[in-house]
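Below, subunit A partners subunit B and then partners subunit C, in two separate complexes.
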Partner chain A sequence: MKYAFLVWKNLWRRRTRTILTVLSVLIAFMLFGLLSAFNYAFTIGTDMANANRLVTIHKISLIQPLPISYLQRIRALPGVEDVTHANWFGGYYQDQRNQAPQFPVDAASYLRLYPELELPDAQREAWLADRAGMIVGSALAEQFDWSVGDRIPIQATIWTREDGGRSWEFVIDGIFTMEEGRGGDNFMLFHYDYFNEARAFGEDMVGWYVLRVADSADPAQVAAAIDAQFANSFAETKTSTERAFAESFVQQFGDIGLIVSAVLGAVFFTILLVAGNTMAHAVRERIPEMAVLKTVGFSNGSVLALVLTESIVIAVLGGSVGLGLSWLALESIPAAVSNALPGLFLPPQAIGTGLLYMLAVGVAAGILPALQAGRLTIAEALRRA
Partner chain B sequence: MSEPLVRARDVSKSFQKGRERVEVLHGLNLDITSGDFVALMGPSGSGKTTLLNMLGGLDKPTSGTISVDEQQLERMSSAALAHWRSRHVGFIFQLYNLLPMLSAARNVEVPLLLTPLKAAERRKHVATALEIVGLTDRAAHRPSELSGGQEQRVAIARAIVSDPTLLLCDEPTGDLDRTTADEILELLRALNAEHRKTVVMVTHDPRAAGFAKRTLHLDKGTLINGGAA
Partner chain C sequence: MNVVRQLVAVSGMNIRSIPARRGSSAVAVLGVAAVVGVFAAVLSMATGFQRTVTSAGSEDVAVVLRAGSTTELNSGLGIEQTRIVAGAPGVARGEDGTPLASSELYVVVDLPKKATNTPANVPLRGIEPSGLDVRDKVSLTAGRMFAPGRNEIVVGRGAQLQFAGLELGESVQFGQSSWEVVGVFEADGAVTESELWCDVRALQSAYRRGNTFQSVRVKLAGADGFEQLQTALAADPRLDVDVERETDYYAEQSRTLTQFIKWVGYPVSLLMGIGAVFGALNTMYSSVAARTREIATLRALGFGALPVAVSTLLESLLLALIGGVIGAAVTYAVFNGYTVSTLDGSTFSQVVFAFAVTPQLLVQGLVAALVIGFFGGLLPAIRAARLPVVTALRAL
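Moving on, here comes the complex of A and B:
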């Protein structure tokens, strides 16, 4: 700590240069924070996916429906412990911007298949007994100020009612939370039977099946058996693990991880050049001063450490503020956007990775000038003074 | 007779300059006793600064031995030499070589950072050093806010703050007007006489050399009036 004033004073000897370098590091880490959040938001589904759950969809695409009659046939296959099904509803609440996901599901089996969905027992019972009831995630309830007992009209964009209407009204029977925390509890669930009876078309079809494989069974074999069961039928299936399903869903948007890595790679490479150039200049113009430090007794290692510390301070200063600004920006994103992309926040692991990157940028930018300073020959440097 | 503080024996130093090997010092012998004040004179390129650097452990001889206070400098590693310098030698340069972004007090404090002294103790030592050189009222000023003479006083305070036995001065008055130079030389004489510092001063100026107890002349890498007992 006693060397801190030396480092600090050296940093600010060229105020403009230091500020510009800190700003460029700041922008790089702000970008890192924002892109990490988007990457996390796109992959949160894969992170939350359960390895023991399989998802069966139509072989052609997720949009193609499957007959409800498959339910019993899937359930009857060896190794299948439990099955449920769900549909994409695609409605909105009051305004088209409020497009939180809604799913008509088989309530009892869905709750069995998703134990991470936490719902008080009384609310669970109430929902199971109420055909026109729905349960909503706590994030949505908080956003729209909903309470149990409220009647909520949802406007359909796909599923018109038999009477031609687009408005579906539900009573909130429960508010659930997801144990994974943020980003996982922003959807609504209501009864498939109610939906199936009232919709104008697509009767007795479901969007996809979700099944749990018995501990003793091999998920790959079970998946193959399901797809074999429906091979050559009018609705062939494709079964994969929930994780693979979630990943393929995300892949529709492109390889988000690769895009993020490519952008960040380019940004950090540029930053390395900027910060490295700053440190190289800072050392070159201070060679006589470094010789003086060595003259009064600073070792090669101490001088090297001083330069490296300066570089790390620049990286950590700019990086921390940059990450902080990205956090602020993400926290102020409108609810409509965060509902469309749940999990859009600065993930804790990005903070840890960011800190490691700051240290890495600091060391990488400073190491060559620091080595140069450390190896400086005193007599030669003093002659240059 | 007591053992000399500084003893140089058969010291030679050569540098590679392009393809040419330039020999700066040839078989030089030198003894300096503790409490001495030696002026080292000679024409440019005679090897004065090279000899001073070697006495202070900033450079090593190509051959020969240099001992200061019975420590063989040429055998010490670079880290050991750095540690030794911080405890035993104070350097004063012609162009002061202060750190421009630090105040006078902070400049004086720099060598003390290498000691285990606490901040309060360091401040006390700094205050004493600045008082000795008569710059207490300029402690908070940066080098750019000081005159040349004041800058050199700060450099002297930095050189003595860790209480070294040996002060090595390379043209300490070379950049000062006569009056200021005399003040600096008086200060060096006082440090020698009152604080028992052994001073070796490189100078071109015979008037400056007059402040020393004895003067040695170096020419073409050899002491012409004999440096060893």
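Moving on, here comes the complex of A and C:
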């Protein structure tokens, strides 16, 4: 405790310099917070993926549809516990910019496959019974101020109706939430049967299948069995775990993630130099004082600790405030933006990593001057004064 | 006159003594260099992408899609409709009188990315023989054009560089059909170069698309060709299509990602810039502190406060400018022309593009550097000017 006072006094010795150093560390960690959020948003799909779920798509590409008849054949394979299917609808609400995903699905099996989708029982029953019903994620309901019972027109960009119309109307039967992977509930689900009967073309085709593998079965074997089942047919399949499927998307953006890490690297490099230089400067100035401290009985170790603490305090102080500011900034992002890029918030793991980085910056910036100070011989240091 | 001469003398002395403050000066230079470098790198990604996508468009070509579709991928047109479009007024005709129109099919295939060996969505476009007539910029640089009806593809240079298995003479497997690479084309680095092309008939049968297409590209006749075409298509009850100039179509396609990169790039650069100002302030304050005796001596000899202040500001500007030039030069050397590919949300396929570190970006970066230098030097300059001469001299 007696050292705390010393550290504090030393920090305020050159007030401007300390404040400026703290501020530059603050900026660095604010950037760190923003960029981690951004990185996390890009990979959120992978985080929410479940290892026991497999995704079966057309071998050529996801945009090629598969026949609905595959459903029975997949279900019959050993090791497949449950299976459902979904489609890409690609519509928008009111404005082309509001392209939150919509999926026509087989409601009952879809809800079985995705237990993380939380929906009140009454709403679940209502949706299952309502052919033209839809359930929407809470993030969307919030953004557009929707509530249960609202009639929502969705404009199709792909699926014209048989009557030539492009507007599809759905009644909101329920609003679902997802406990984990906050911000991931920005989509809408409606009934495949209703969609299939009313669309002008592409009948009896689905976008992809999702299946759950029995605990006793090996997912890799099941995936291989499915693909073998449809080999040499006109629609061959490619089955992978949900995680691998999500990762392949992230990898497709590839280079953008790389640039983000490069930016982070550049920021840290800069900040480290600024802080390091300032610390070294502050210690060099005080060499005679440290000699005095040693003369009155401070050990080498405690002088070293004093200097190091000072630099860690600067890093942690600036870093925490910066991280806090980035959290504030991210929390105040309007819903329209956060629904376009779900998961844009400060990920909890970034706080841990951030703290580690703060300590690392503090130690790296302070270690050389601290060692220098610890090794000082009294006579020499006093002579310099 | 006197002030100017004093200014020159003090600034000269000040700048010549920078090597004595090497360490702290280098910090300021590096800080500014990092900011300018990151700024130019991130935004060159946006300009590169935008340039790649928009330069594919041509003013005198129109794209016809099913009404309501935002991209070719979402669109769908029957053969009757594409014939009506091709025969419509406003469409230019070749020497033999056939309309310069290409009905096309656009699908996405999986190919491994060379750099990571992970699957990527690559666009495969089926075109008609007239497809080359509606694309002036495209030229075959190696091999030959695909033969009608055969499973042959010609590949864009960008696609060939980024994705595996597209060398001349190689065969690629899409589903059950195998396609031979017979030619390579270039298009001034436009997004077209990210695509693979084949005969639309061959693609229809390989993909079981019957007689359907997704878009029609037509060459416009004369100055009012577009208006003629638009009016004619809108008036035809058999059609329900949207028609857009190719330039507008591509501008719209590039908007989302470009805006997104700018939306990230500018605030990040601004924040970093503020950080660099703090760094520069620290450097300049310590510069003033290191020169306390010198400044006090000058003032005692009769030099004015203004030259002392301005010289400090000049030092800061000079350091920032050096940093800016270093940052800009490094970014230009490393990133200009650096080719990457990313998934474009609107077409759901990979776009191969090169970073474009344009002169405007470099100028913007240098201006930013000077602004950082100015704010980093202002307060220390004022402190230098206000230094109490007597106290400072007593420090001797």
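Note that the second predicted complex is superposed on the first by the 368 of 385 C-alpha atoms of A that agree within 3 Å, B and C clash if a C-alpha of one lies under 4 Å from a C-alpha of the other, contacts with A are read in each partner's own complex, and residues count from 1 in each chain.
What we mean here is this: contacts are C-beta pairs under 8 Å (C-beta built on N, C-alpha and C of every residue); 3 or more make two chains touch, one makes a residue touch a chain.
Just so it is clear, the structure is predicted and the values come from calculations on it, not from any experiment.
In the superposition on chain A, A:288 contacts subunit B only, with no contact to subunit C. Once the two complexes are laid over each other on the shared chain, residue contacts for A:5 go to subunit B alone; subunit C is not touched. Of the two partner chains placed around the shared chain by superposition, subunit C is the only one that A:158 touches, whereas subunit B remains out of contact. Contacts of A:35 after superposition on the shared chain: subunit C is touched, whereas subunit B is not. Touch counts on subunit A: comparing subunit C and subunit B, the chain ahead is C. When the two complexes are overlaid on their common chain A, residue A:27 makes contact with subunit C while staying clear of subunit B. Once the two complexes are laid over each other on the shared chain, residue contacts for A:372 go to neither subunit B nor subunit C. Residues 2-3, 5-6, 9-10, 12-13, 288-289, 291-302, 378-379, 382, 385 of subunit A are the ones that touch subunit B when the two sit in their complex.
The part of subunit C that touches subunit A in the complex is made up of residues 23-24, 27, 30-31, 34-35, 37-38, 41-42, 45, 66-70, 73-74, 76, 107-110, 113, 115-116, 118-121, 174-176, 207-208, 240, 264, 267-268, 271-272, 274-276, 278-279, 281-282, 285-286, 340-343, 348, 350. By the touch rule above, subunit A contacts subunit C in their complex via residues 16-17, 20-21, 23-24, 27-28, 30-31, 34-35, 38, 58-64, 90, 96, 155-158, 160, 164, 166, 201, 232, 234, 236, 238, 248-249, 251-256, 259, 262-263, 266-267, 269-271, 273-274, 277-278, 280-281.
Contact residues on subunit B toward subunit A in their complex (touch as defined above): 50, 53, 56, 58-59, 78-79, 82-83, 85-87, 91, 93, 95, 97, 99-102, 106, 110-111, 113-114, 119, 158.
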